[in-house]
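One chain, subunit A, links the two complexes that follow: it is found with subunit B in the first and with subunit C in the second.
Showing the complex of A and B:
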């Protein structure tokens, strides 16, 4: 199979998956008991049936399910994710407004976690069986078992309530917003705690996968051959083991980047971080269906695109995939 | 007899493993605490007869919450809820995952294609949000939560099971049973599943911890069952008082951490025992 054909096949598969996700979400949400009109309009909807009927017609809720689904898909193809019931604003605008704020948190934390996790993982694997490896391993287990929102609260108690050196919540100093460059520094200052929390929670993933992968490579036959030839341990590790074992963590990094748009809703909730995750949480609470669906579409697309990029990079790097079409 | 032997041997191997033993001890203690909750001399976990926000004292070892409820009692009853949700949800998830994974791996072809696509779809959506949406829309009593968590976490188990069945179905003795004319049902239930289930079991143990975390996350967002004091709910209720009564959130979280840590220790150890060579990735 040629590379082009392989890629076209992957892209086609991705589109099918994306549509499946849209349809499933649409059906789950549309079959929900309760009337969104009631949630949005409240008592007015009860006292004024005309107003309720007006809203229902305006949002297309009077049409049958399949018709709404087809209309929704048609609109997505035109780049229109619908209007929010609550904000009366295009869903896409609501998401785009919050996307940079979320990405600042998730991308920074993911990159930090990747770098630190891989470095510690390598260090741990090179010192396998020693005290430092055991200690790192146990710390890793602890972080892996820590609920993200709880860690956020604990860090907040230590650094904001007790030591009073870091702001507890928010994106910036709202009462007295600084100007120009100071504004960015202020946002950076406010992002320290949420980024630290998310980094610590994501770290174990990279640590474990790097350490496992290093240990696995170190037990391969080729390593023994190099040792027999007389290469120094440093050269073997740096030139061969490391190169071969970096692939799994990089894959993990790519997959995680796809999820970056989904944000870290729980952590955003702890620190009052006005990102996409928070938008989704609020929309779920207030049954703002178009926003819920819209956020899912954006999240699923970003994950699918990230996966596609990983696949393409692999296909370019590894001729076996090109030929058999399998990883 | 054979199954009993394998079980006894596994337990022996777990006890010999440092992490496995630590996990087993932690889980046993937490389950014991949860099981003994009704017999301990504790005030009712929903009783509001005490002073509000009292700091820890001999009378209330962990203090009282914003409604004057005894935190120790709530944390101990919380163990019951969290453990129960964890095990039932992971059980539901395991049953679905093992059945679908086996079918996909054994039959291949169209069935495999359909099931694998469904699994793939699940890996492309943040399932926590789906659980969240379902909990928000369809109500959040404790049984509903177990079902929702079970229904959104099975693909990991299914994928592990499918991979293993793909290997075991090629074994000679399974081909031999097919040759003597055993039915598919008999081959699957008597030979394929028992021979392939070990990685799925290790994965299910880890899923218990995962389910407890998901329940805590949902409860922390206020979507848990308000009638029961799960640890996530206690953290949620304590958060507004972090500057005056930090223990309200921190202590239930510690219990949560230690429990999930124990489960992860155990799951990881079982994983290593079942696959001494393969370093499997079952987390995420």
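Showing the complex of A and C:
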């Protein structure tokens, strides 16, 4: 099998998976209890049945499920993710507006967590059994089990309320909005706390994986052979153990990157960060079906594309895949 | 794989948790302040000081900028600055004039004549006329606006405009509650010259420019909306009551109540709109420069008894539960003392309609036990009562998620256990709760809260026979008849009599059991003055037109432009120099106005960010590729 055929096969598979995801999500969301009309129409005490009927007809929610599903798929094929019930705006606009804001948060935090996590993971593995390793391990467990919104509030109280050196919430200074380049710097300044929180929450994952993977590699036979030969510990670690044990954290990093477009809903909610995660949360809360589906479609596509890229890279590197189509 | 499942499930599960954060109600408030100056609602705005911006920490994003089309509590506070209504409600719940400077009600109670103010203009310069009012009211009818049923649009015959400043509204039946509902919600007057074009299919057509950049007649003009972050408004110098005192009002959106409180305490906001946890109130109030004011609101927690359940259909059972519940304890423990134990069948916050004689059974567990014994529910050895056929007396208590409702429910569970009733709390997220309780009526006891105003006509939709919201299935024909009569009784005295009688009947039948009457908190910085809750009879709910800041520039109050001799210009120029504080404020207030003319939410930074992120992603991929290849 040629590389081209393999690629076509993979792309075809991806499209099938994407459609399966759309159909399953559509059905699950439609089966969830709660009526989107009621949320748009508002408080059950205020809204009128006439208004609810008007909306139901306007959005075609009076049609049967399969009909709505077919219409939705037809629209997606035309590149139309539909209109938000809540905001009466195209879903794609709502997502695209928030995407860069969310990526600033998730990508930065993921990169930082990866770098710091791997570094202290290596450090910890090289000092296995010593006090510093135990300390790092304990801190790691504490962070791992900390709820993100709680950590966010704690950092906010320390740095914003008590020390008053960092802004607590929001995207920018709304009292005196800065202009031009200062605006970007202001956004970066406002992103410090949410990025720090998300980094601290993600970091233990990389730490743990790196450390365990290093320790596992260190106990391999080839390491013993090198030691017997008389290579210095530094060389063994730097040239062999590190290189072999960095693969799992890098894989994890790639998976996290695929999820970056999903945002970090809880942290975005706490810090009033207008990202995709918060959009999703709000939409679930208000049963805004088109937005929920739209966000899921974007997340699923991002993950599928990330996987596709990884597969293509593997295919380029590994002749077995190219030839047999199998790993 | 696990990781993926975790990643997908966590947001969903936690969303359900977060659903418990209850959206604040529109607080409408009872008379308490006596601080009434000689002002009236239409008197021109007088500012001790001018300038500065007010940052309101707000709990949610508006759904659109059409304030009349759907229930949009998040927009309500913002729309109140941008738009005007014909009449408004003040903090004491009285109707005050706004765009209608006066009005007449015909003796038959079904025709209303409004005389409009003559100097109001839209933010784009068009004059405001009766055509705008006609368009707004007719659109509410045509497009089934949020107030469609409250304004009884099916009975509306016509909206006539004999001249540019007179509007005559005719109903087919007397409608005594009309002005109250017209002053309340979803009745902001919309610009006819923008909305009424044939190419728009309805008033929510995305092509309408005012849906993203609203045009109103109100004290503040719309500047920008950065979704999920803030809405900025600036003073309207041509406002018909005069220029508002503040330069800008910014609504800063922070959905999480705890984070909103921290943000407020960190000095990022001047008013806190999110309702903080009641445990935090003392701490907020003791913060220097911050004040918490409280007022009763016409919202309450109450229990619905499912009368379709044979156990609860017996009045003695309902009485027994009422005797067994200690409402004072609920206020103390679930609300930390911020609230009132309910005493009557209707909210006391709407004073004229509240019948203090239609009281609830007092806390008396002995009586509850006696009633239960009489009903034949014998106390078992385990402390629970058993029905004659040997099953335990168990009732499901269906509540929706939320800290307050959970706290109240578990207290009631304990209180009812003391008289031997076994309560099983079933907690649902609000949408599922509504499905189960309101639609399917599948519950024994259900807890609910809600706004009981602005007029006791609200009782018809909550407790009236056959009403959708009447989940208890209460259907006393006498009660229903009284409510129907009251709904079209033009004489206020007679109306009150009818509502009082209705409450007495309800107290006797006890289909619902009120628990706690709520209070609203007004949390703000002391350097700001002139809020609506301080100006009863003058200021409409939520309107910030008379709010002024201590740091603003002092105004020489009596300087008519005709006498502006060199002396007055002298004072004008020297006053900022005399105090350094005013000078700094001048600087700080002049920069934002220049900043606001430039739209900040431009796609430019979006692009910059996207490019930066793309570079990072490419770098990472390249690194991975290189690494894997070298291996």
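Note that in this section the second predicted complex is superposed on the first by the 281 of 327 C-alpha atoms of A that agree within 3 Å, B and C clash if a C-alpha of one lies under 4 Å from a C-alpha of the other, contacts with A are read in each partner's own complex, and residues count from 1 in each chain.
Following the convention adopted for this analysis, a residue touches a chain if its C-beta (ideal position, glycine included) is under 8 Å from a C-beta of that chain, and two chains touch if they have at least 3 such contacts.
Model, not experiment: these values are computed from the prediction.
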When subunit B and subunit C are modelled together on subunit A, clash or fit: clash
On the superposed three-chain arrangement, identify whether subunit B or subunit C touches more subunit A residues. C
Just subunit B (first), just subunit C (second), both, or neither: which does A:120 touch? neither
Mind working out whether A:259 is in touch with subunit B, subunit C, both or neither, as first, second, both or neither? both
Is A:54 touching the first partner subunit B, the second partner subunit C, both, or neither of them? second
Look at A:145 in the shared chain and tell me whether it touches subunit B only, subunit C only, both, or neither; answer first, second, both or neither. first
Would you check which partner chain A:21 touches, where first means subunit B only, second means subunit C only, and both and neither mean what they say? first
After lining up the shared chain so the two structures overlap, which partner does A:156 touch, if you call subunit B first and subunit C second: first, second, both or neither? both
Just checking: does A:304 make contact with subunit B only, subunit C only, both, or neither of them? Give me first, second, both or neither. first
Counting only touches as set out at the top, which of subunit B and subunit C does A:164 meet: first, second, both, neither? second
Where does A:285 make contact in the superposed view: on subunit B (first), on subunit C (second), on both, or on neither? both
Segment of subunit B that clashes with subunit C, given the candidates 8-16, 44-52 or 170-178: 44-52
Using the superposition on chain A as set up above, list the residues of subunit A that contact both subunit B and subunit C. 32-34, 149, 153, 156-157, 161, 259, 262, 265-266, 269-270, 280-281, 284-285, 287
Residue numbers of subunit B touching subunit A in their complex, please. 19, 117, 120-121, 124-126, 128-130, 132-134, 136-138, 209, 213, 216-217, 220-221, 232, 235, 239, 242-243, 246, 249-250, 253, 256-258, 260-261, 263-265, 268, 279, 281, 283-284
Contacts from subunit A onto subunit C in the complex sit at residues 32-35, 38-51, 53-54, 83, 86-90, 94, 97-101, 103-104, 107, 111, 149, 152-153, 156-157, 160-161, 164, 167-172, 174-179, 183-184, 187, 243, 246, 250, 252-255, 257, 259, 262, 265-266, 269-275, 277-282, 284-285, 287, 309, 313, 317
Please give the residue numbers of subunit C that touch subunit A in the complex, ascending. 3-4, 7, 11-12, 14-15, 18-19, 53, 55, 61, 63-64, 70-73, 143-146, 148-150, 185, 204, 206, 211, 226-230, 232, 250, 252-256, 258-260, 262-263, 265-268, 429-432, 434-436, 438, 450-451, 458, 461-462, 468-469, 588, 591-592, 595-596, 598, 600, 605-606, 608-610, 613, 616-617, 620-621, 624-625, 627-629, 631
In the complex formed with subunit B, which residues of subunit A make contact? 16-17, 20-21, 24-25, 28-29, 32-34, 141-142, 144-147, 149-150, 153-154, 156-157, 161, 205, 208-209, 212-213, 215-216, 248, 259, 262, 265-266, 269-270, 280-281, 284-285, 287, 292, 296, 299-300, 303-304, 307
